[in-house]
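A short worksheet on the structure shown next.
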Amino acid sequence: MIKAGIIGGTGYAGQELVRLLLDHPDVDICFISSSSNHGIHYSQLFMNYFNRMNIECIETPANIADQNIDVLFIALPHGHSSSMLTKEILEKMKVIDLGADFRLTNVDMYNHWYKSNHPNPDLIDSAVYGLCELNREAIRKTNLIANPGCYTTCGILSLAPLIISSLIDPDSIVIDAKSGITGAGRALSLSTHYTECNENMNSYSPIGHRHTPEIEQMLSLLAGQDIKLSFVPHLIPVNRGILSTVYCKPNQPINYEQIREAFVQLYGNDKFIRLLPKGISAETKWVKGSNYMDIGIFLDERTNRIIITSALDNLIKGAAGQAVQNMNIMFGLKEETGLDRISMFPI
Amino acid sequence: MIKAGIIGGTGYAGQELVRLLLDHPDVDICFISSSSNHGIHYSQLFMNYFNRMNIECIETPANIADQNIDVLFIALPHGHSSSMLTKEILEKMKVIDLGADFRLTNVDMYNHWYKSNHPNPDLIDSAVYGLCELNREAIRKTNLIANPGCYTTCGILSLAPLIISSLIDPDSIVIDAKSGITGAGRALSLSTHYTECNENMNSYSPIGHRHTPEIEQMLSLLAGQDIKLSFVPHLIPVNRGILSTVYCKPNQPINYEQIREAFVQLYGNDKFIRLLPKGISAETKWVKGSNYMDIGIFLDERTNRIIITSALDNLIKGAAGQAVQNMNIMFGLKEETGLDRISMFPI
Amino acid sequence: MIKAGIIGGTGYAGQELVRLLLDHPDVDICFISSSSNHGIHYSQLFMNYFNRMNIECIETPANIADQNIDVLFIALPHGHSSSMLTKEILEKMKVIDLGADFRLTNVDMYNHWYKSNHPNPDLIDSAVYGLCELNREAIRKTNLIANPGCYTTCGILSLAPLIISSLIDPDSIVIDAKSGITGAGRALSLSTHYTECNENMNSYSPIGHRHTPEIEQMLSLLAGQDIKLSFVPHLIPVNRGILSTVYCKPNQPINYEQIREAFVQLYGNDKFIRLLPKGISAETKWVKGSNYMDIGIFLDERTNRIIITSALDNLIKGAAGQAVQNMNIMFGLKEETGLDRISMFPI
Amino acid sequence: MIKAGIIGGTGYAGQELVRLLLDHPDVDICFISSSSNHGIHYSQLFMNYFNRMNIECIETPANIADQNIDVLFIALPHGHSSSMLTKEILEKMKVIDLGADFRLTNVDMYNHWYKSNHPNPDLIDSAVYGLCELNREAIRKTNLIANPGCYTTCGILSLAPLIISSLIDPDSIVIDAKSGITGAGRALSLSTHYTECNENMNSYSPIGHRHTPEIEQMLSLLAGQDIKLSFVPHLIPVNRGILSTVYCKPNQPINYEQIREAFVQLYGNDKFIRLLPKGISAETKWVKGSNYMDIGIFLDERTNRIIITSALDNLIKGAAGQAVQNMNIMFGLKEETGLDRISMFPI
């Protein structure tokens, strides 16, 4: 059994991770820390665990390196995981960081977009960007995973095949993303107060959302050239799910089959990427609660525009599920272990 | 492996059953019939199954008795299962009927409340009412289960301990039940059109809902006397879940501990009934997606009234989950096999 | 024109009051105070007012008595309005308090249920309980209105005809109330964080909600005897609306027409109370956005129980609308002035 | 008083129209027809009108020209209004058609996008496209208004200033629109069954939605050149509201102020268009229930892309409100008569 510790287990991503690990056949949860809830039984905070899991939240362990665990998950706001990690810890255990600290490889970029100084830039080079479908080999070998953001997973995977196959004009990309409200986390704010966001739709950060450089970094790497794109997130009154509608222009005469082929080439063997039949759009209801990402592929011949619609569960494939998928790869397990459930419907 | 056939697999209860059986370690699904969707792949109707299950819906098999299956689940509107069942079928396989045909033991009662003549009254005596926590022994021995309704499961289990322990005045019982909209099924109607029921609350059938006699029948049996109660269902704009608030008066001076003891006595060994700590009310979010029923117990000393709040997932413990639980009992499996997931949160 | 001041204008009830007064043909809004938002333009807080109202929030005026206004509305948490009111103020203007400070006539009762000492018990006797349909004459003559709570308006008006006509056993009353989430106000809390209450149902305070004594006080007064009842509020994921399902037992043989007649007697001339046709239940969607309260009347002959379903908009008839209705009565205007809109549908 | 008749008064747009006209100080409603509900009292269908409006739905009048009315509103599916209209009718009354029959000026275009032959192409030239802010003068003089679609109103008004000022590359336009579910009407369908669309997001018709040619026609006219754009509608689980996020590229070096100036030039005197302060995005909650359209203006300098976010109430500014606004213009009333309410919040 893999012995796992979780730091920051009472946010939404952390809690989803606990649920997935509790259900994972090869994992034992050794501890769950929570700065705001230590000393409280986990099942008092989340009564779905009542009568099922008997763990009391602890404070962040003083000496992480001495914890007898195989893997450490960290689900904290940016700035925290890099402050606590050391080379010694990374020698003793594998670390999967669900936060943003190690996602950007360029420390100046981090400092610019996160408006703060990176606490531990020396470790950045040790990290592998844990987008499983694109970085499987590197993930297998590293001890430090930067688990991607929810929007970024959806955006990058929607565009990667088109970029890799050099089918599109990189200057033409727009990602219009819609997220459920768990995407905003469990911390209280007026914008996520029920009666402020229910029955409403809005776009926040039409310019400058922090997931933008993360998407651009990966796509630029795949393209071998600098890519800049517009990414506009929207807040939608549902609990879970991200739907991305991606627009771009082909850089050559092209037909639907050629576009589809690019996706099949890249994802043909990936269990968690489902390419929907021609004419079918992605819907969040078919992926919520699962680790799947569904992709619908369209070519609008009238306007010569490629339109990709894609959907995933922001807390699973967009966070905790991908973290478990990364763990499975790192430990040589089958990639879908503990992640084999389909979406419950209707939820 | 238990070979299972499903008749009526494309309503909400049927689809939930398919999902649970697909996930069940001891079951193979042999066929799924659907009168309205035969010839269509199941994963075209419900794209959560896309790339996961390759079954085409068939028409109801002409000769059910000849199907080589161990258990037959029927999830059809009332009147249909009793029309198609025969003694020959019941000799060859176990049958679990999720519909209403065999729930009422008195055929006149059925004819009165369902405003139609029961198509097959001779079979009624063969059926066992499949409320697992109360009828486990009889379930083990029968070949025909009348799987209880969603409201009735919640109502009966909330009151059974008080009735069995003779603690309450049977004339004082009110069940105020609130249901999510899957409870109304998948057939189109104006009352379940999104924009007619969203952001609305109403009580329908304040008098005369068909689950009333089912609740009264079981409680009367437990009480050894005729019980009549008020049961008022309400339609609430959520997908899943039933919350029941049950009011009754003790028939003797009583304290909280005595009331709680009645629940512990009856449910102390039941995995799927969770008695919440004192002061905690049931919430649907902690049981949705699971087979649990949560029960909160209150004594209002000011008014000398016992108040029980209870919650379950209407499609799981209130339908498909209890059907699987019944199957597990009938086949000698551990009762929680295939039903061990906790609720995902938030959903 | 009536010159109005509003203290506490940025909570949900306060904001609804501003909207209604802005639309009222006989009122000028002179100031809006907000302890947390003074110095900010109202239309920056609530952008529905953008380009329509040019008022900057102020701090609570130091000397209220010196404000040149005719009516003062106060929409603050309990304890605040009584602290700031004086006899001098009441000599100079009419005051309508949307909070709880003057609703209970017995100061010990207040201290017990609100767990604090009433700051200004001397003024309690000056106040009239502003339930318009029951206290119209007293409202006309007073300078201080205790505007009723949302649950209490719904509960009292559902039961008053039965109490006044002495048709029911006062010991049999249960009010099962369901409220939308604006009922919990605009202050942030985990229980009203979107992803915590969306798709959930729960009962909070099954015992001991503070609206209980307010309901009991008024019904006891009408009954001429002490009435104790069970009132259980539930939180439902909709923005607005209260639905109450009221259960009680007749104290004599009775038929539907006699019950209905009691309601017609009391409310026959009331514009804002709509008695629904026989067999029709109240639904919140038909009253939201209006000052109406709809009442459905049922007699369950099987169990000899009267069931009343009633619906109102908690921010209008349950708060700001009733405050305006009180103002209209106090100033001799037609009662429906500024309150004549029907519900928009669907909302 | 203006005497008004309504054909098709029981769909969502029709019902909203009835509500607005009932509230309009200068209008008398003479009749409401409904093919499916004739003979039924309007307030039985929509109980918000209970005790407020005493009108029984009729069948479509046999001889419309003989009805003694000043204005006829038609809210029917496409193909119906053009079948029933004649030159004689248009000589006797003003007609405002909320359907699609007269929106496209090119009959072949209509036949292509609506997949049917236009029933009455001779009348097309008589119609004026009733987008009030752009066609005010022509509206004043015509007897036949083609009231714009909801998506089209939002899309055209978001882009018109940029097109008129020749600031953008017409080949770069993408409209990503999100609609509440009233946009799909009141007719039952699986896609608008509560439990199928609640907690879901999807894009339908990513290619080829019928509002596309309507948007392109108007923008091409304003541009003086043929414009083709991508318009992708999405279905969002809220009752009301459209949020459009519009992307395009400037055709010249430009700054924020120049873009804003184009909007001020065009809409500076329009009461119902609100240009939001710099940095503020449109949100549906601030316009729902009102005739406003809010516009947020952004320039993303990193990607050299203009991003417009705009919001309106699809049943008001996107349908019935604009119909009333057209009527006001046609009859020489102040444009905002009967349309002066701001949004209620929270709804």
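Here the chain labels run A, B, C and D in written order, and each chain numbers its own residues starting at 1.
Heads up, the rule we're going with is that a contact is a pair of C-beta atoms (placed from the backbone, for glycine too) under 8 Å apart; a residue touches a chain by one contact, two chains touch by 3 or more.
Since this is a predicted model, take the numbers as computed values, not measurements.
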Option in B-D, A-D or C-D whose residue-number contact pairs overlap A-B by over half: C-D
Chain whose mean Cα position lies farthest from subunit A: C
Chain centre separation in whole Å, for subunit C relative to subunit A (CA means): 46
Chain centre separation (subunit B, subunit C; CA means) in Å: 39
Multi-partner residues of subunit D (each touching 2 or more other chains): 12, 180, 182, 195, 198-199, 237-240, 283, 285, 288, 346-347
Complex contact set, residues of subunit C against subunit B: 174, 176, 178, 180, 195-196, 198-204, 206-207, 228-230, 232, 234, 236-241, 243, 245, 247, 281-285, 288, 296, 298-300, 302-303, 305, 307, 309, 311, 346-347
Residue ranges of subunit C touching subunit D (in the complex, touch as defined): 12, 15-16, 19, 22-23, 46-52, 182, 199, 239-240, 274, 276, 280, 283, 285-290, 294, 341-347
Subunit A to subunit C touching residues, read off their complex: 12, 180-182, 186, 188-190, 192-195, 197-199, 237-239
